[in-house]
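The following pair of complexes shares a single chain, chain A, combined with chain B in the former and chain C in the latter.
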Partner chain A sequence: MTGSASIERRLTVLLAGVAALLSILSWGMVTGLARQAAERTQDNVLAASATAIAETLRSEQGEVRLELPYSAFSMLGAISEDRVFYRVATGEALLTGYADLPVPAISPPAQGRVVFDTGDYRGAQVRMASVMRQVLAGGAPVSVTVTVAQTRNGIRAIAGELSQLAAMLSVAFFVVAVTLSAVAARTSLRPLNEIAQAVSRRGPNDLRPLRRAAPAELAPLMTALNRLMERLGQSLRRSEDFIVEAAHRVRTPLATVRAQAEIALRSVEDETEKQRLRRMIRAVDESSRSAGQLLDHATVAYRAEDLARDLIDLADLAAQTADALAPTAAMKDIEIRLETVPATVRGDAVLLENALRNVLDNAIKYSAEDTTVTLRVRRPTDTEARIEVIDQGPGLGTGPVEQLTERFRRGQNTQGIVGSGLGLTIAEDVIRAHGGRLELGQGPDGRGACVTLVFLLA
Partner chain B sequence: MRYLLVEDNAELAEAILNRLALDGHAVDHAASLAAAEDCLAAASYDLILLDVMLPDGDGRDFLARSRAHLETPVIVLTARARISDRVGALDQGADDYITKPFDFSELEARCRAVLRRRGGSARNEITLGAATFDPMAGTLSHGKTTVELRNREIRLLEVFARHPGQILSKSQLMERLFSYDAEVTENAIEVYVGRLRRRIDGMGLRIETVRGLGYRMES
Partner chain C sequence: MRHTGFSFGLNAVVIWLCGLCLWATAAVALEIEDHRHYPGTGDRVLRIVSTADLEVFEPYLLYFHAAHPALSIDYTVVSSAELHRAIRDGRAFDLALSSAMDLQFQLANDGFAQSYRSSATEALPDWARWRDLIFAFTTEPAVVVISTERFEGLPLPATRQELITVLRDNPDWFQGAVGTYDVRNSGLGYLFATQEARSTDAYWRLSEVMGRLDPQLYCCSRQMIDDVAEGRLALAYNVLGSYAAERLAQDSGGRMRILRMQDFTNVMLRTAIIPAGAVEVEAAGQMIDALLLVGLRQEPDIWPLPPLRATAEGESAGFGPIRMGPALMVYLDPLNRRAFLEEWENALEQR
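Now for the complex of A and B:
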């Protein structure tokens, strides 16, 4: 589930982006708030300090007097190590403090209220709080302005520390959020992966509808998938029906041609003519046999995907198949000898009958007149059952034996015998679908062929 | 033996009729299921050869329908090559099936096998002088001795029995004994005739060689 367009990755990136944005925003907010809080604290302390000094103003013999309370400065020292400046003046006349400290213009209506200002003093930014008070001196009110100032470095440092802490928290939040998004993306996509696996595990002909619980969001996909499979199944069935119908339409006239040719064969005297008719009949047989086995092959492939699991006694199977092919064998005075022991396997009766019939039919076809084909069912071990088909024919030749089960491959000594080369392929497909194997070899006394269907017993 | 052939393809039917008549069987031909019903109502048959696709219906449905009251063995002739179609025919009560196009020798062999399985019938026995020949069971009896004949010997004896006193050429015999594609020479006929001679020894039957023409059996 990787790749540039992966939903999982896109979802993770999107969620991580949102987390990053939130982290930066929260960091910014915390930083701003910390600074504001620090500044407000400074302002409050500056105001308190200025007010405390202003409280000590009094008139003594017509002169304005004041005390600088220690607490007014100690409270400033409590919040930071910043330098403190002050100035007390009446109009332009300095009473005490730093004469050059800038003074905010305070108009009389602002009496009793603290006014704040920010300015530069002695190379540093300072925050100033001023308060004006009127003192009666010599019968006339005198306006006295008290200004307390403090540099802001310490405050800034505190705000910076808070901001750093906030940044660390934001990064931690971001990391956790990204991890959680990845997990969330994977978890929410799991049903999709499960459906994909369920579909890809299926064989090419398994078109049953998907039946599994899926989240509501995936329901339309499941429905669409099931509809598609249904349509595919229908069109497969239609094409199978079409093939069957086509085979039927071709075979009926072929049957007529063959029958008429056989009759002609009886009435014709000339050997060359007879030879021609024989070739004609052979061609008809060849084509109808190929068509039949191609259909069988398709059927085997189709059924093998969804194998029936009936209990089958191989001895019964052998007896039935021998019975079905007895007339064919009788035409050549071939005896089918049965040597069986009971051996029960699980499998598809129709397919196994077809496989064994193909093998036995081969054996009869390649056997000489007046010989014996042995059909033997054995259980050499507890885990294995074997059906052996042994003939006294020419054997499987000198070519590579494995190649004989390839599609359309015929042995090297099949001249003059009608065949499509699919018989052993079909048999092998069937036995493989049953978890067994097909073995090709020589007959027990080195003569003839022995084809074995090996079943593994559970 | 009396056969009923239900087949709508006229040329194929004609060819099958021809061939079965050669074997000495009486064959009625019905080209539709309706005609087949008429034939079955009018006569009794030893064997029915039934096509699957007929103009007025499916032969297999007919089979399933009439199986309850029809005891005659049935061989289905089908051009449907699908495994399930073939198995289906047997399930619906057919005794055997043969896929079109088929070999006459195979049809004959399958008819024989079905009839034998169904117990044959006594009226098919052929009297050859003092001996009795049952081609269905493949036995030849004379007094208390009964010999069992093999398939080719049965067919060879059947041909001789149906043409008593006639000279049969080697090629005539070959056509009846061997499938068209068997790579046999006329020597093979000599081998089988020799074998049959040994089997019928002491049964009051004799197969004469007519030099240059063929063989003749006399009782």
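Now for the complex of A and C:
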């Protein structure tokens, strides 16, 4: 089947695309958050450190003194291995620390408020926290600014690790999402596939509406399909009706023609005329036989839909059919030999008689004059009953055997014999409807044909 | 007794500036304690500046030289303060090995070290390196060394409290016979003292007691150990354990004994940095790798300096080594240093 790409693939790709987008988004968000969290942690520690230093500021004999607390620096070392710088100054005068460390401009100067800034110092980016505190020195308040700075490499490394972890999680999420997408696409398309399988599993004559639960989205398709099948069934029935009607209409006038021709045959003396009339009668016979077969075929098509299940003895059936065709056989001096055992099957008597008659009729038709047609009923196993019709005619030829049961198809060695090609088709349709099969083969001694109706016994 | 130029000044600003001056006056010549050159077959020279005496460090140099015979090695021994100053002044050295981890840390923090990475540095435990700048290759405890002769009949102290008691109860025995670092001169002594003051309050009481005994102040562990071995000192406090052990192994004669304080023991990391101005960076890295391999060794000691593991895994005292981190810089701050030295002088110089 050609056409646009499969729905399943498109659905999967679409869902995978959504998953990829979500993965990238979540990775970006986690990365951003991790970085923010790491930076905020650093800010907090820097602020705590600067505040701790500022708290040691005091005045001694008019001088500002301080003592760097050990904890103020050890806490900076606790979060990451980053370089640390600091500066304590009153105005521009340095008290201690790194004189050239840039200081965030505190504006407006507010006591105890921590100000952050990012800058470059000694070839590295540093994050700075500054806090201002006023100390009374020599009677006048002096503003002291404490700045603590730390490089950001370690913080970045921590954020980078988290980002890497998030990336791995995102990839894992993506893989899982794609797998689930494929499963979801397949699951949601399963009803469609099931309907397609149900339709394709059906026999060629099964035009019943589909009755199965389907998702709401598929209901219109189901309805349309069922309506199509209904219309198809109707038109099929109409054409069969037409055939039946046509056959009927042809058969009755043919019977009249035949009767008239026989009367004429008796009254005519001239041998040439007689020959002509006999040919005519034979042609009329063939025509009415064909019409009969068309009728038979239509009957099979009708009745097979609603098959009767009567008990039928195949031996009786064989005997009746042989009786019915005895006159035809007699015309060619053909002996019908019956070899039967009782074998009961369930089925439609009319159809079975129809089938057997067609097979036997075929056998008689293709047999030479003064030969024997054997009609045999056997039960070779407990599960099988067979009706074999064996003739001594030319056999079924060398062409493919299966084609012989197709409608209007005739064997390759039938030249010169009038026939419609429907006989074996009817027989096969009937036996199929009964759950059996038709076997075509050669006669027992390699000559003639053997047509077997095989019934499976329940 | 040599005093460094800390003027206890008028104004804090002046002090800081002078502190800077101390580093920056570029003290024209380096005060070299020892020097040795190991000629190699090639042109390249690896210049090492170190605080480790040749007595203990020569095996390492020979070991490295044997592995890299093409390389000439130039080994200079200076004090830890001198080393710090030399690197700050940008003197041409390719590798700096120091026992004063606070000064080493400050060098790395202030951008005077360059980073180095190898499989050997990756194998180091976290506490033994900081970023890719400082690498520890020994762990060395501070110990008390006593003269067995002069301690005869006295109970052996196991804690600082017991040591205080012994000193206080026998002032005559110990008058002028107690030695310790002059923390004003010795970077390592200052590191030991500050860390100890931070960790145990017995430190100041002990200092007070020692101050009353007219203590002898030293620049270096080796002289203290020598004096104990020769009976001039009854006790040396806060001596590098590795030097003492090495001395004990050479000639004990039973005259010396090493005591480890059970209440708290300072464990110092001897560290290496590659100065920012290093030329033979590759050779310096190889030397660091060799030192780390020896430092992380498993086999029993054939090396004078203790391995990295011994104390890190915690002996009875269970104290890890001094932590590398910005907190080391706290006591290097001139204001803090001034305050600490003031207090120390008050305790130790009571005459």
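Everything below uses one rule, namely that the second predicted complex is superposed on the first by the 266 of 458 C-alpha atoms of A that agree within 3 Å, B and C clash if a C-alpha of one lies under 4 Å from a C-alpha of the other, contacts with A are read in each partner's own complex, and residues count from 1 in each chain.
Basically, contacts are C-beta pairs under 8 Å (C-beta built on N, C-alpha and C of every residue); 3 or more make two chains touch, one makes a residue touch a chain.
Since the structure is predicted, the reported quantities are computational estimates derived from the model, not experimental observations.
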item: First, second, both or neither for A:M331, with chain B first and chain C second; value: first
item: Chain B versus chain C as contact partner of A:E81, first or second or both or neither; value: second
item: Partner chain(s) touched by A:L66 [first = chain B, second = chain C, both, neither]; value: second
item: Comparison of chain B and chain C by chain A residues contacted; value: B
item: Partner chain(s) touched by A:L295 [first = chain B, second = chain C, both, neither]; value: first
item: Partner chain(s) touched by A:E305 [first = chain B, second = chain C, both, neither]; value: neither
item: Which of chain B and chain C A:T96 touches, first, second, both or neither; value: second
item: Chain A residues contacted in one complex by chain B, in the other by chain C; value: none
item: Residue numbers on chain B that touch chain A, as the complex places them; value: 9, 11-12, 15-16, 18-19, 53, 79-85, 87, 96, 99-106, 109-110, 112-113, 150-152, 175, 179-184, 188
item: Residues on chain A engaged by chain B in the complex (per definition of touch); value: 244, 247-249, 251-252, 254-260, 262-263, 265-266, 277-278, 281-282, 284-285, 288, 291-292, 295-296, 299, 324, 326-328, 330-333, 350-351, 353-354, 369, 416, 418
item: Of chain A, residues touching chain C in the complex; value: 63-74, 76-78, 81, 83-85, 93-97, 99, 122-124, 153-154
item: Footprint of chain A on chain C - complex, ascending; value: 11-13, 16, 20, 108-111, 130-131, 198, 323, 325-330, 333-336, 339
